[in-house]
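Have a look at these structures, which come just after this line.
Next come two complexes built around chain A: one with chain B, the other with chain C.
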Partner chain A sequence: MNNTAKKQSQFREFWRIFFQNKPAVVGLVIVILLMLMVVFAEQIVPEKLAFEQHITKAARMQPPSKEHIFGTDHLGRDLFARVIHGGRYSLTVGFIPTIVAMLGGMLLGACAAYFGGAVENLIMRICDVFACIPGTLLTLSFAAVLGAGMDNMMVAITITAIPGCTRFVRSIILNIVEQDYMEAARMCGSSSFRIMTRHVLPNAMGPLIMSTVSSIAGMIMMGAGLSFLGMGVQPPNPEWGYMLSESRDYMYRAPHLFIIPGIFIMVSILAFNLTGDGLRDALDPKLRR
Partner chain B sequence: MSKYVIRRLLLMIPTMIAVIFIVFSILSFIPGDPGRMILGIAAPQEAVDMFNHNLGLDRPFIVRFLDYVGGIFLRFDFGESYRNSIPVIDEIMMRFPTTFRLAVFGVISVVILGVPLGILAAIRRSTITDASITVYAMFLTAIPGFWFGMILMYFFALKLKWVPVFGVSEWKGYILPIITMAVPGSSGLIRLTRVTMLETVNQEYIKTARAKGAPEAIVIWKHALKNAVLPIINSIGLSFSGLLGGTVVIETIFSIEGIGKYIMTSIGARDIPAVMACTIILAGIFCVIVLLIDLIYAFIDPRIRAKFSS
Partner chain C sequence: MKKIIAMLLALLMLVSLMTACGAKKEDAPAADAPAADAPAEAPAEDILDTDLGSAPVSPEAEDAPEASTARTDLVLATTVPMDGCDPHFNTSTANGTAINLVYETLVLVDQQVNVTPLLCEKYDILEEGLVYEYKLKQGVKFHNGEEMKASDVVYSFTRAQQAPGMYANVALIESIEAVDEYTVRIKLIQPYAPFYHLVGNVAIVSEKAATEAGDAFATEPCGTGAFTISEWTAEKISFTRFEDYHGETPKLETITVSTVSDAATALMAFEAGDLDYIGVPNSDVERLTNTGLYNMVMVASNNTTYITFNNQVAPFDDVRVRQAIAYAINKEEILLGACEGYGYIAETIGNPDYTLGLPDVEDVVTYEQNLETAKQLLAEAGYADGLDLGKMMVMAGSDEFSLTAEIMKSQLEAVGITFEVQLTEPSSFVADAITGNYGIAIMGITLGIDMAEHEMAYVTAGIDQLNLPRFSNERVDELFGLAMVETDQAKRDEYYAEVVNIVAEQAAIVPLSYSVSVIAADPALIFDPILPVRTWYWAAE
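Up next, the complex of A and B:
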């Protein structure tokens, strides 16, 4: 009973510190707004508007106006509808690879830390070699093999991210294993399974969640970049990075075509970064200023 | 010390072989038959088989791999392009100076834009200067490089016409690509320099230096920066990884005929030897840079030097 009360107060303390950090709260609010935007995209603006073409001189590349608040693109499609529905693709690329890569990293990192010896050596050496190849190039190689497309791009991004996640998870677990309470748990005769699930995992959860939130930002950037290069989401689907790439031929005549999707990418990345930093500061009192 | 250098140099060989193995395996699993892809659907089966046989593609994986590694280490041969049967290394060597210039000037600009701001933020800690630099770095982290490049291009090339829109035929063409690389890239270095400097400033020996009456400038420049410089150098080295990968995007935006652009056109044409060679060479350059950083570390940090001199 006493134990749960203490846990609750720790949890409350965590959020109290988090909510004192104004940039982090702003970040979290934007993250929630972005998620609502993705979930209720159809209610905000019907999806068919994002695909409806009007290829007449008057309808193409209109600047923002009352009917089209973000204007129209080179095929006369409503940019507002495209940006709102494009969020679904861009944010999916942020979330799914992050979560899958984290799970993969947890599995491999935990194996390395748990078994030690040859297994650890093998896993970590492979991760070291992957770290020698610049991430963008590795993702591009996978994308070249798998072919262009949203699903393939997510697979490519995920595989590229796993070695980094593995190193991160292992370092966290090794850090926990060195703590005194682990010694105490072992002395009490706890089984390895109990130690893993009751001591290591709960203590590793905090840094893992924080790093997951921050890496969502990096994944959104990577996904937008690959789509920009034509390796990701394929036309006519709206995706922020691909929309930037489409707008390149019309930059001079219609600058709103590249400015608006870019702002959405930037704001999403900023929001996830701020939230991640806020979580880190609330989690680790040592880093607090 | 020389023992350490030799050991590190020798370690490069297995690392590079492992890198080549990974890249080679990934790109060997490309679906479809290279001969069929290059010659087209209409080509007769015999011609396709002939094509594959001439390139040695019908041999087992391990034989092809050993042949490839042998070619690289003995003859610096990365195979021939599927498109025009020219050795890919020739094409890469032709494009290499452009990409190299971009990366080197990019890193220099990252350092110039990053380190001084980080130091300034740390010595003006908790003031409005520190806060503005932190906010500035925060925004830079969130700006996608390709978008930043497009904004620069719009204002400075299309609107003001100060610099050419595409290509690097004149030196002015390098300005926007380098800024595009350096400005968003400097955010990490600003934050790292600030944190490292703050950590160093809290050390006991800094208190000692201040207590004995050393002027603040000496304390910062001589005592603090000297000790903060190692992590900063490390971070500069690692930022090369981002810059080398970033050249793909930068060269695509600004239509620069460098290695990055070559990778993209080769991926489009399914020219696997070219993609493979570019990736391996850029990864190799990165490995050499990491090695140099480690050697610099050993050279300037007496603690590391002592460990290996015994």
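Up next, the complex of A and C:
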């Protein structure tokens, strides 16, 4: 009973600190709005508008107007519909690889930290090899080998992200293992499994969530970058990075074609970063005074 | 096998530098005698209209100003670096600029296939088209100071016969001999009407220089052209006027072609004043025109963007499927969406204006967009519930081709046809297209300026070579045979018109557009893109 109360107060304390952090709150609000936008995309604007071409001189590259809030693109498609529905691709690329990479990293990192010895050596040396290659280059190589396409791109991003996650998880767990309460748990004769699930993971959860949220921003960026290069989401699907790429040629004539998706990419990355920073600050005990 | 490799090489050269709407024509102009790889380098460009920008200037429009203040240098750019200057064993279209400045041919052929003597005084066609006799111009100097003699011409043609890229021009030569110092006689295996202008594709090289240089001849060229190469580095090639040139002395003294690998960077360099002449990407034409700072010229070409089907594989072996696709497509939309409208609707491969023997667009079977007919044809073919075409092969590296695919996707979806775009690198694209390893593809091609040169693109014997649709029709084969030996052009026109209409009725391919490239130049530069660069000059300031 006492324990539950303690937990609740900790939770409340966490949110109290989080909500004092204005930028973090703004970030969280934007993140929530983006998610709502993606979930209710079809209700906001029908998807078919994002693909319907109107190739006439008058209909192409219209500036923003009442009928087309964001104007139309080079094939006369409604840019608002494309941006809204494009969010689905961008956020999917942000979330799924992050979560999968985090799970993979947790498994490998926990194994490395807990078992140590040869297992740790093997896992960490492989990670070191991966760490030697610049991330973007590695992702590009994987994407090139797997072939263009949304699914392949997500696989490529995930593979590239796993080594980093593994190192991160391992460092956190190594830290926890040295704590006194771990000693106590061991002295009480708890099993490895129990120690893992009851003591290590719950204590590692905070930093992990924080890092997950922050890396979503990086993943969105990577996805947009790959799509820009033609390795990711394939036309005519309206991914934001690809929209930037296809509007390149019309930069001078219709700047809204790349400014609008550009703003969406920027804002969503900023929002995830701010939220991530806020979570980190709220989790940091040194800031809890 | 050797022949296939030869064809592959030739075709690779043909297609590698072509894009749907000539966007890659930023490369320096290939305007001189077509010395390089025959069909692709044909001077298939013409001024269409010059009302794009500031007042048009043409060489004929005003008298050449004798001014000491006029510039005498010209700076061009190429997106692909030039790697050699061998007119026969050439492997890159980019080298055309250098080849055309350094080398000349016996005759000069213009876009209307008018032939004027260049290195010869006159020529005669003897023995009912079997023998061609050329009287050479006397006193023509090679860059090494030697005079051009009949032996050099014989050597040049013999050398060309060993070059895969020259195959189409010299294939029918039985023998070539020097009658005297200034007379050359070429005997053909059989009468071949187009030979009189195909001669214009074979550059004359100095026998002495070529044999002395051996393999190094590509980098130590020696021709009769108005310019010689004075400096050759990875960044640029400089040409200097050849003072002993046999023709009219060019007003330009130096021509520099710098390598700027990125088209956008080249355009920036042009706008900064570092370049005098550039091919403008379609999407930038309007903006550049609006500045009013440049002389904008539109140049039409023989380059055709088209959809090709592999006529031998399902579902494209069914004429109804091919016709349905032809009916489902809206060419105007593709032209506007993918090329900003810079181009012309095509009904044939090769622009009738620049191809001898091609019937005008009005005389060709055409397919106006008609979704109902398309659906009906699909239903008859058994695809009433929709048809998945699988992969559509699109040449990578050109926005025009991928935009065409994107627009087509939307147009075909309206009749229930779907496909997946597969961007393919140019080299593997060409290999797959030749061997028939594809179903449907979007590409661009420039064939020769005479329908006779298009033969391999249509006849059964051309399968595994230039006949990319792998189209086979007995009547077409027969017609090309008839046209080959026919010397009456009106009769040949009739045969070719029948060929084109059979191909169109069968919808073996779907031509989309003839490309147009837009050139921006310094307003003081007086030039004509169809005339050789050596004739360009600067107005006095």
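Convention: the second predicted complex is superposed on the first by the 286 of 289 C-alpha atoms of A that agree within 3 Å, B and C clash if a C-alpha of one lies under 4 Å from a C-alpha of the other, contacts with A are read in each partner's own complex, and residues count from 1 in each chain.
By definition in this document, a contact is a pair of C-beta atoms (placed from the backbone, for glycine too) under 8 Å apart; a residue touches a chain by one contact, two chains touch by 3 or more.
Only a predicted model underlies this, so the values are computations on that prediction, with no experimental measurement involved.
In the overlay, work out which of chain B or chain C sits against more residues of chain A.
B
Just chain B (first), just chain C (second), both, or neither: which does A:L274 touch?
first
So, does A:V25 touch the first partner chain B, the second partner chain C, both, or neither?
neither
Should A:T56 be classified as contacting the first partner (chain B), the second (chain C), both, or neither?
second
Regarding the shared-chain residue A:F130, is it in contact with chain B (first), chain C (second), both, or neither?
first
According to the stated criteria, A:M231 is in contact with first (chain B), second (chain C), both, or neither; which is it?
first
Touch check for A:H74: first (chain B), second (chain C), both, or neither?
After superposing on A, A:H74 lies in contact with chain C but is clear of chain B.
Quick one: classify A:I17 as touching chain B (first), chain C (second), both or neither.
Neither chain B nor chain C is touched by A:I17.
Quick one: classify A:I265 as touching chain B (first), chain C (second), both or neither.
first
Which holds for A:Y250: it touches chain B only (first), chain C only (second), both, or neither?
A:Y250 contacts chain C only, not chain B.
For chain A, which residues lie in the overlap of the chain B contacts and the chain C contacts?
Shared contact residues on chain A (touching chain B in one complex, chain C in the other): 230, 252.
What residues on chain B touch chain A, complex-wise?
Against chain A, the touching part of chain B is residues 15, 18-19, 22-23, 26-27, 29-31, 126, 138-139, 141-147, 150-151, 153-154, 158, 241-242, 244-246, 248-249, 252-253, 263-264, 267-268, 270, 272, 275, 278-279, 282-283, 286-287, 290.
Inside the complex, what are the residues of chain A that reach chain C?
51-53, 55-57, 60, 74-76, 148, 230, 234-236, 249-250, 252-253
For the complex, give me every residue of chain A touching chain B.
Listed in rising order, the residues of chain A that touch chain B are 23, 125, 128-130, 132-138, 140-145, 147, 217, 221, 224-225, 228-231, 241, 244, 247-248, 251-252, 255, 258-259, 262, 265-267, 269-270, 273-274, 289.
Residues of chain C touching chain A in their complex?
By the definition above, chain C touches chain A via 281, 283-284, 286-287, 330, 332-334, 336-337, 341, 399, 402-403, 405-407, 409-410, 421, 423.
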